[in-house]
Amino acid sequence: MGSIFTAAPPQSGPGYSFKQTPTTVPEGTRQHGFYPYTDNGGSTLGITGADFAILAGDTRSTSGYNINTRFAPKLFKVGGADSRIVLSVVGFAADGLALKERLDTIVKMYRYQHGKPMSVAACAQRLSHILYQKRFFPYYVTAILGGLDEEGKGALYSYDPVGSYEREQCRAAGAAASLIMPFLDNQVNYKNQYVLGSGEGHALQARERELLPRKDVEELVQDAFSSAVERHIEVGDGLQMFIITKDGIEEIYKPLKLD
Amino acid sequence: MNHLPQAWGRPRDDVYGPYNNSYLQTSGPSQHTQSPIVTGTSVLAIKFKDGVVIAADNLASYGSLARFTDVKRLLRFNSRAVIGFGGDVSDMQYLTRLLSSLEINENYSVTSSTELAANNLHTYLHKVMYKRRSDFNPLWNQILIAGLDVADNPYLASVDLLGTTFSSPTLATGFGAHLAVPIMRRVCPDEEAAKELTQEQAVETVRECMKVLFYRDARSLDKYSIAVVTKEGVDLKHGEKLEKQSWAFAEGIRGYGTQVN
Amino acid sequence: MTSIGTGYDLSNSVFSPDGRNFQVEYAVKAVENGGTAIGIRCKDGVVLALEKLVVSKLLKHGANKRIATVDRNAGIVSSGLTPDGRHFVSRARDEAAQWRKLYKAPIPTSSLANRMGSYVQAYTLYSSVRPFGVTAIIGGWDAEDELPVDGMVGSGPSVGSGGKQEGSKKGGPSLYMIEPSGLYWGYYGAATGKGRQSAKSELEKLDLAAGNLTLEEGVKEAARILYFAHEDSKDKEFELEMTWISSKDGPTKGRHEEVPKELREEAERLAKKALEGDEDDEDTKMEE
């Protein structure tokens, strides 16, 4: 056996399938090959009215160009059966689920310990803290929290992945946020809408804002999603809506295009 | 005799290039799994009206080498759940042992209580996988859990190395997500269709998909395991052979048949 | 020889001048008051049975099981102080799990008995502890075929080298009994607790060494023997608890499980009938 190699080995390798054998070892240390995040696509949005809040999200879950499933909810009731708080998460679904589980137990524990349901404002700040605590290894999600405030008005809070948050009238998040948000700006906050014949240039009078009735908002949500489906491949399959009113949380499911 | 390592099986530098010792570093940050080593390919599953069918071939590859050809990648957990593993085989073995100890623990009390349902098992595996990815020490698998949930309805769900979970009437991992899912969705597009599907149709579809995968996936094998989970229990068969293959399509492909260049 | 300790019974690990460890002997006394527990090693399995005395009418019937599963293929029944028995079982489960972690295969019953024997014995050595107040019966079925290692890849070479012997069979049923001293033996039939004397004499009549008794017969005999052994404390109510382990081709598929309700009730019916029969015999004799 040893005799094969007693002579000096040939300088150029025999003709194997790859002619160019590397002659140097790669430099430096090997790098981590594991990236702990992925994007599962999808979009969510929330709009508030005088006495209600609507959260909506499509139910498609994707990995690259694959559709994992056509029904994976991004909307979750938080804090048990009689809760009036809804959390929506979009981005990395596993983090979204973990975040929802954590917030859910916290809101439940609040109820058990204080004997009253957590207010949306308190829950909103708590959620911010949860996200901020993990800012060096963030939950890779955009969250929207919805409910009714202590005066019974619709309340909506939107977040970035590291916990910065604000209360808003409406917000779109996720893959098609850049498609839906300008639409909402125009249709909910009347951006770029002016009073007819009020003048020109700086004299133009912005159309006065008003809180939309529930029916109008539902239609806006549907229009927003059916349009997003046309223009974004990661959005589609189904539209899930949670409407939070003083009477409880109503769930609506409508099919979207499957392509 | 010769003391040179090359004479004892070390790849010759002139043939294979210089040996890369970097993975043997003794200094530097502690390293966890960077990539899978010995791997299994697709796992397929489809729901039908009384249960779930799940299948995976018996190959474990070492890169492009077909390393083990009799690997059982379907695990019967109990009479109502079967687990299919894709990805790293050593991590699969670790999970097998973890699930084995879970099953033993579940049966410490002899009182014949209900068994762990498939959805409970899915939640458990999700927690394990998500914890490991959060520790930057992932278990490099994509896993399908097929069986019956607590209410005895068919249950099928997936969890992967990142802890991502989802459920669908048809699921496939790896190459199967590209090649088998469209075929399976044709017979079973949604939950309503799954409620109409018979066991025979489901099994037939899965077998057909295994064949398609063998045609097109270079890391696949014509020998596979298939399991059917229903209320009657688990019917798990290993070492099934693909039947009625037709390679007629290969004739027209450059490099496949007589046409070499 | 006096059975009173005269000062040598106050501490564990202290011998009396005539070479006895009184603490251990007192532990045996604790066992002698417990409900009868028996184990039968049949040709195709093992039966464990327990006479569980009903200590309160307020306890739910059929709840609070006392026979425990240790690994898939092994179970333990004990007589004496129940909490000590629980701790014993907990340790046995740890041993079985640790064995699996190390060897990727189930612990052989003989090794389990050996380890538990050592564990119990250690509690006779130190003044800081007291011996176990239980006598435990360990029953198990060791797989007769070459077992795959847990999570093994493939099934190994089908022909030629690979260490497999064609048609080799090993394993089978085993039964061990461990006493408070740590002493343990392998048995064909084992009994402990209050009714052990009569239970043992009944077990001896079965000629278990011949290896003819089937598992199902074993279950019926176990029920009969426990009912028979209960005769001495007839005033107390009891529940019959029975588990069994068969080969992988048998009714439990190599697992330690509770005897199905139907079979247990049938065995109890036969046991009661057998007892009544005995009484009838005695009555007729009296009349004669």
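So that you can tell them apart, the chains are marked A, B and C in the order they are listed, and the count of residues begins at 1 in each.
Here is the rule we go by: a residue touches a chain if its C-beta (ideal position, glycine included) is under 8 Å from a C-beta of that chain, and two chains touch if they have at least 3 such contacts.
In UniProt terms, the chains line up like this: A = N-terminal nucleophile aminohydrolase; B = Proteasome subunit beta; C = Proteasome subunit alpha type.
Note that the coordinates shown come from a computational prediction; the quantities given were computed from them, not determined experimentally.
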| item | value |
| --- | --- |
| Category of the chain touch graph - line, ring, star, complete, other | line |
| Most central chain, judged by mean C-alpha position against the global CA mean | B |
| Chains linked by the largest number of contacting C-beta pairs | A-B |
| Geometric centre distance via CA averages, subunit B-subunit A, whole Å | 30 |
| Euclidean distance of C-alpha centroids - subunit B vs subunit C, Å | 41 |
| Interchain centroid distance [CA atoms averaged], subunit A/subunit C, Å | 59 |
| Of all residues in subunit B, the ones touching two or more other chains | none |
| For the subunit B and subunit C complex, residues of the former touching the latter | 38, 60, 68-71, 89, 92-94, 96-97, 100-101, 103-104, 107-112 |
| Subunit B - residues contacting subunit A, complex | 1-2, 4, 6-7, 12, 14-23, 25, 28, 31-35, 126, 130, 133-134, 136, 138, 158, 162-168, 171, 177-178, 181, 190-191 |
| Subunit A to subunit B touching residues, read off their complex | 1-6, 9-14, 16, 21-26, 28-30, 32-34, 36-38, 40, 61, 63, 66, 68-72, 92-94, 97-98, 137 |
| Touch list for subunit C against partner subunit B, complex | 63, 65, 67-72, 75, 93, 96-97, 100-101, 104, 150-155, 243, 255-258 |
